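Here's the structure we're looking at; comments come further down.
Labels run A, B, C and D following the written order; every chain starts at residue 1.
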Amino acid sequence: MIAVLKSGTTQEQKDHLLNWLKHMNLEVHVSNGKEFTILGLVGDTSKVDIDLLQSLEIVESVKRVSEPFKQANRKFHPNDTVVTCGNVKIGGGHFAMIAGPCSVESKDQIIQVAEAVKAYGGDVLRGGAFKPRTSPYAFQGLKDEGIQLLREAKKATGLPIITEIMNVRSLDLFEDVDIIQVGARNMQNFDLLQELGKTQKPILLKRGLANTLQELLMSAEYIMSEGNENIILCERGIRTYETYTRNTLDLSAIPVLHELSHLPVVVDPSHATGRSSLVHSMAVAAAAAGADGIMVEVHNDPAHALCDGAQSITPEQFNELNKMVTKVREVIR
Amino acid sequence: MIAVLKSGTTQEQKDHLLNWLKHMNLEVHVSNGKEFTILGLVGDTSKVDIDLLQSLEIVESVKRVSEPFKQANRKFHPNDTVVTCGNVKIGGGHFAMIAGPCSVESKDQIIQVAEAVKAYGGDVLRGGAFKPRTSPYAFQGLKDEGIQLLREAKKATGLPIITEIMNVRSLDLFEDVDIIQVGARNMQNFDLLQELGKTQKPILLKRGLANTLQELLMSAEYIMSEGNENIILCERGIRTYETYTRNTLDLSAIPVLHELSHLPVVVDPSHATGRSSLVHSMAVAAAAAGADGIMVEVHNDPAHALCDGAQSITPEQFNELNKMVTKVREVIR
Amino acid sequence: MIAVLKSGTTQEQKDHLLNWLKHMNLEVHVSNGKEFTILGLVGDTSKVDIDLLQSLEIVESVKRVSEPFKQANRKFHPNDTVVTCGNVKIGGGHFAMIAGPCSVESKDQIIQVAEAVKAYGGDVLRGGAFKPRTSPYAFQGLKDEGIQLLREAKKATGLPIITEIMNVRSLDLFEDVDIIQVGARNMQNFDLLQELGKTQKPILLKRGLANTLQELLMSAEYIMSEGNENIILCERGIRTYETYTRNTLDLSAIPVLHELSHLPVVVDPSHATGRSSLVHSMAVAAAAAGADGIMVEVHNDPAHALCDGAQSITPEQFNELNKMVTKVREVIR
Amino acid sequence: MIAVLKSGTTQEQKDHLLNWLKHMNLEVHVSNGKEFTILGLVGDTSKVDIDLLQSLEIVESVKRVSEPFKQANRKFHPNDTVVTCGNVKIGGGHFAMIAGPCSVESKDQIIQVAEAVKAYGGDVLRGGAFKPRTSPYAFQGLKDEGIQLLREAKKATGLPIITEIMNVRSLDLFEDVDIIQVGARNMQNFDLLQELGKTQKPILLKRGLANTLQELLMSAEYIMSEGNENIILCERGIRTYETYTRNTLDLSAIPVLHELSHLPVVVDPSHATGRSSLVHSMAVAAAAAGADGIMVEVHNDPAHALCDGAQSITPEQFNELNKMVTKVREVIR
């Protein structure tokens, strides 16, 4: 970490600051320049509160040189992490196609979609049981019953299942869930992250609506620091001023996260765009950019089928998408 | 709610959609135009999933006409809500100055700051016990002990106390806390909001980093829908591309929230700007814009005092700020 | 266009508004609801100032139903536009690889890069002569001389050339330039757009730093409304809160622009990411998402070669990139 | 400027980089650390292309220590700049109230509004003659005739006038204009800035839609570097994800710009919010935050008067606003 001190700083002020930094077991290299004094801080700077340091009156600016995440950092763990759930592997060259309905609605619905997902080459079944909704008056999911229906679909098809957790207290319900999803709104629910870190379940961690990639990795670090290294990162679009798409899908997140971390990266084009007509091209682009998996919404119910719509695609469209993704992956290897 | 259907829509598709909408107990007015068909949906549209509707293939676009929040809506509750905690009132012409350190660090520290806050006219003492930190390696606050120290400061000064809750499981610890703060990262932690709705505690609800004002009001609605109407809204800066300030303080939120809702609005210039040199002018501007309260960080410890810095201001600066805010409030009345 | 009037609106106010709208030659359909009155405006609504209408006291909200762009609109021009410059075609299934240095620096440099671009399959040579720089003290390009050097590179290799125009007054210098680029900062320099509309030159129009896709199409419309239909749209990243990449590349712009418009869409991954290590994967992803061309920076000078860096890639990396893009394009056809 | 080199950098690579930097007449201080090498660059770093340096393969990161603007920098020019036009002064304790219609529409209109502005204490008359419009089909202003009408209003009332310039070629028309406005879309039209720098006219420079405060100051520097120091900076809202207001007014820009620069700062709450109901409170807040002036839209025409609307306020509302701003300014002195 580098701190630049302002030109008017007195020796006494410098000494106070140096003492404070040394109390944090940091070694400090001082270069006195004409205009500025530069401090190089060496040691475990991950505990330094950069915001506090930056805000001190005598400090012109602070710059972190080493990333604040360690266990998620590729520098200290050069090999790709491979997350395993049942027969499915994600990362390190293994690719997973995750598909299913937005919400679990009924036994018939989830079994039918699961069978279609399986038939068309999907690897993991997704489906929402607990639904985070902006409005308290909106349908919040079938909850426990939804998870029960997912278990039946798993039994019927053999597909591992992934579903979202919304709070610590329902963790027991997720025993038979193969991958636990942490949604965008909970990416910085640190209490939840720490509890999930105490399990050994694979966790799919979605990037928050307005979170940087470094913050995403820090949230992965929260889980890993408790002992769980089975983490899949997920890019699902960020909030920008553009309103044509629901969010702006940031596909550069794929190569950036691969540079910075050894964790696998999955992309969710359905939530990101909010428009079914964009799902195919964004899924194929994600595969071309090196994603380790794709998560898409597939529906099979009359209300959707009628209008061939929503951010969900039909089983037939999923079939086409999966074929194309497979071809593109063969090319880019 | 208005839905515009695309020009190529068949009568059969329209009928299917109309049936679906009518099943949700909505009355539908249809105007057939040359280019478009317009549906006016009347009834309780708060339960309609606007994202789903918008994403249907035959739907060109959807527009909500009435706001999806009801209990927080000024239209249905024209008078200002006044939140009371002890002798302090917030809203409806009552203004509260909330001040205290970023984190509770020791008994001496919190008592000293509390006495300064009281001496210089503060109404409520703030102090962090549970600290949401991006990094798992950073100081996470004194937790239970921090709350205990706040209680001692309350006893010593008579000031009501406010501190942040980070998860449902620690709710019992907040019994003697006068106002429970929900931080920006938890604004859409719906499970937490619902539990807080079951208490009658005043809740200070901070706007999320990238949340719209409507989403803030929907989160207030989550609390209110469970029965707790003692809510204070808090603008604390939003995330934008500008990096000079930590966040961009959106002071237009004050008159907008006052137009849309009857709930009081407080502004936190310390976290928003991340720079102590900007706190005074932004606090005064917030008061000028009609805020019902200001929440600022005030410190009294040697590490800060040395450098006269951080986003926190000194007790003397707080004194000046409070005097100026009072003068400005007299003028704008 | 649909306008929703507030509930308290008087008949007199409605009549005034209706008269005003009818003076703009609009037909107005009125549906009186219990809570709201809805006006459907039919006719040439592209001249209506939506901001003005929206801001009227009696107007709850306004919604455009038809897009405000006409000549750029796929609805009125269903076939893909193919832009031709020399032997190169862009759009309608024709793909162009545009490559070259950030700035033209010397005759040797531009000829060498041009030859490498040609040898490795590039279609068009890019190179900056007039450089828009944030600082007045930074190198502003070789200007006239830069364009002269590009002409020599064109003569030496036969590659058509593209370079950026920064103001109307230098238009004469662009006579031998095959494609004129309008940079992000000039996307809404309407005076410049109108002048370019009076030529028949192909124009590559870059999306502004914080402009919506609709605004990009409106700027294309400015050019087209003066008679020039040879327009290539270019996605080059938008400004967001994320700082790891210079900008956030919005690849969903490709399918969105293809849905809304018949104009070809090119992607510039070099400027968008600002990091050479991300250029390859983002170029391949853009091709996979259906782009009609890619524009990348390729360098050949010692300062860059030394460090193998910048947002520019080497000729050898360009060769690999071009091969991969070609393979992916074959797959997605 | 500080550059941090990656750990694997060879001595040969370092030497190449050092040579390159020394060729730019920079003195380089090298500190070799265990993990990183830190280079301190001393000299005229304003010419260093920070983007290029940052993107070099061996460079971990770069940090500017001194601001890249010089003439606009308060460090080198501690006293407030006072811009004078006629009898009106802006900056250094002098405050200006600038008001007038969005567009000049007719002689009657502009004269009537000008008289109202004068009667209610306005200092400068604003009015759009050249209007930057997103759509080529929208009304583009009365242009030359609009400027002529402004001159008549000036003659009738004695108020100095301000109006927007959209391109270099119309500069001659602005001879009798007292303050030339550069709009948000032209903030980085560098050619225009340089031409304006060759005049001695006061220039009101609006912040671009998505420009940082540092970029705003760099654009001021463009004008100043050509010799014109009569610059007024203007905050007018930035583009964010929030859609309730047209833009998000960033009032912290006022104290930040005052810290960084000696130039006066004016705020435009009308364009920023796009809603007349928010103009009053945001104008008062801007004054409370220390603005050197306010620019508001005031209308007097029947279309607006009817609906009491738009982002413009009525003369009577302007009167109230001006009185309140005056009172608040007295308090904060």
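Please note the rule applied: a contact is a pair of C-beta atoms (placed from the backbone, for glycine too) under 8 Å apart; a residue touches a chain by one contact, two chains touch by 3 or more.
All values reported here derive from a predicted model rather than from experimental measurement.
Peer 1: Across the interfaces B-C and A-C, which one involves more C-beta pairs in contact?
Peer 2: Spelling it out, more C-beta pairs touch across A-C than across the other pair.
Peer 1: Between chain B and chain C, what is the gap in Å from one C-alpha centre to the other?
Peer 2: About 39 Å separates the centre of chain B from that of chain C.
Peer 1: Could you please state the distance in Å, as a whole number, between where the Cα atoms of chain C are centred and where those of chain D are centred?
Peer 2: Between these chains, centre-to-centre, one finds 26 Å.
Peer 1: I'd like the Å distance between the centres of chain A and chain C, where a centre is the mean of that chain's Cα atoms.
Peer 2: 31
Peer 1: Two or more other chains touching the same residue: where does that happen in chain C?
Peer 2: Expected reply: 210, 239-241, 243.
Peer 1: Considering only which chains touch which, how would you classify the arrangement: line, ring, star, complete or other?
Peer 2: If you draw each chain as a dot and join those that touch, every dot ends up joined to every other.
Peer 1: Taking the touch rule as given, give the residues of chain A at its contact with chain B in the complex, in rising order.
Peer 2: 13, 16-17, 20, 46-47, 49, 51-52, 54-59, 68-69, 132-139, 166-169, 185-186, 188-192, 194, 209-211, 215, 218, 221-222, 225, 239, 246, 274-276, 303, 306-311
Peer 1: Taking the touch rule as given, give the residues of chain C at its contact with chain B in the complex, in rising order.
Peer 2: 2, 4, 29, 31, 33-36, 38, 40, 42, 60-61, 63, 65-66, 210, 239-241, 243
Peer 1: Hey, which residues of chain A end up touching chain C in the complex?
Peer 2: On the chain A side, the touching residues are 210, 212-214, 238, 240-245, 248-252, 254-256, 259, 272-273, 277-278, 281-282, 284-290, 324, 327-328, 331-332.
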